[in-house]
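The structure is given below, and queries will be raised subsequently.
Note that the chains are named A, B and C in the order they appear, and that numbering of residues resets to 1 at the start of each chain.
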Amino acid sequence: MTVEQKLAARGLALPVPPQPLGAYRATVEANGTLRISGQVPLRDGQVVFKGRVGEALTVEQGKQAAELTALNVLAQIHRHLGGFDRLVQLIHVEGYVASAEGFYDQPGVIDAASNLFADVLGDKAGHTRAVFSQTQLPANAAIILVVTAQIEPQK
Amino acid sequence: MTVEQKLAARGLALPVPPQPLGAYRATVEANGTLRISGQVPLRDGQVVFKGRVGEALTVEQGKQAAELTALNVLAQIHRHLGGFDRLVQLIHVEGYVASAEGFYDQPGVIDAASNLFADVLGDKAGHTRAVFSQTQLPANAAIILVVTAQIEPQK
Amino acid sequence: MTVEQKLAARGLALPVPPQPLGAYRATVEANGTLRISGQVPLRDGQVVFKGRVGEALTVEQGKQAAELTALNVLAQIHRHLGGFDRLVQLIHVEGYVASAEGFYDQPGVIDAASNLFADVLGDKAGHTRAVFSQTQLPANAAIILVVTAQIEPQK
């Protein structure tokens, strides 16, 4: 099954990836590495999960936000590469979770993103990880994911 | 026009880039990538913008801080490469903004850095971006920028 | 002296590096770069330094936490490469310090990690650095280190 078919089997589809709102780029390719700008839980141009996990949002909602953010990451990769054939593997995922004071299970929230990557990318999911708790994020988003991927050089 | 001439046209000049104060380096080159240590809004050895945007600092002062920090980034690149000829493009910019609770427009602040890069580096400005809100930063700085650049290998 | 001998001379030894607790990897190698997942001050499977520097922990304890975290970084590199021969240099270290409000010397805390790297890796210690203050970290850890290293390609 293709990545898109695996997503469909979960009832998911790649969103239209957001374009930068300033003088930067959604993706940059250099030396066999693809960088993706920080993604948030965006759907139809709106941040749909706002506020702190453990406060405005439940842990379950935090995981939904992480999965939606991961979908946006996949959409950016797909747009840049024109599919997933040139993707070698995800290298690194940094996950930022807006969190209530005293909530310490940010890794459990970001697992929803890592699990989606593993389920739909298989061996290409790879990725080391670093996870952080934040008091707030830009646009009051619940999650930011910053991802780096290894790609085959352009021929 | 050269980068330096474009800066001069804006009334700006490259500062003397700060040296590390510990057992690390200002810049490291590896595999065609240049890493630059986190830069702060430093002028003549002093952090000149301190505290939180939306509290101690206005948004306009935050933007001035972001631009000054971006100047320090350019100064580090210039020192490492002996100019900007070997710079291929900026790959990634992470922008951290010390922020008042409830202030969510960190991207608007970091735009001042992205805009400076675009204005003086042109096609080489490139860069994906991730922006964060912080309750405080080391030395009570208002801004930290962490930048990665693609460079031509040394001959 | 080898890295292990230099550690022993300081009364230190490489711990058994922690395995990921989710669908990600401790280390990923790509394009001559080794990425290491965020490390915490772990000993025998327990986070042994918890809470904020300047509050639950003294600055001295923060430095001990940073050194212990650096040991875990070295252990991950050692496990991935089967030693340190293939290590060219550390490229970049991001240091996150859980901190009391108004405590601004996170660089002084992370110096304990940079100093350990310099002492035992010598010329290979390299590394640019970015240091941050955090209100809290996952698992209530006092420190997270996120490290990237340059390695010789596999033959």
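By definition in this document, contacts are C-beta pairs under 8 Å (C-beta built on N, C-alpha and C of every residue); 3 or more make two chains touch, one makes a residue touch a chain.
Keep in mind that what you see is a predicted model, and the values were worked out from it rather than measured.
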Angle of rotation relating subunit B to subunit C [CA atoms, steps of 5 degrees]: 120
Equivalent interface positions on subunit A and subunit C, same or different at half: different
Whole-Å gap separating subunit A and subunit C, where each centre is the average of the chain's CA atoms: 25
Multi-chain contact sites of subunit A, meaning residues that touch two or more partners: 31, 33, 94, 135
Residues of subunit C touching subunit A in the complex: 20-28, 30-31, 33, 35-38, 94, 96, 134-140, 144, 146
Subunit A partner contacts - residues on subunit B that touch it in the complex: 31-33, 88-89, 91-94, 99, 101-102, 104-107, 110-111, 114-115, 117-118, 125-133, 135, 148, 150
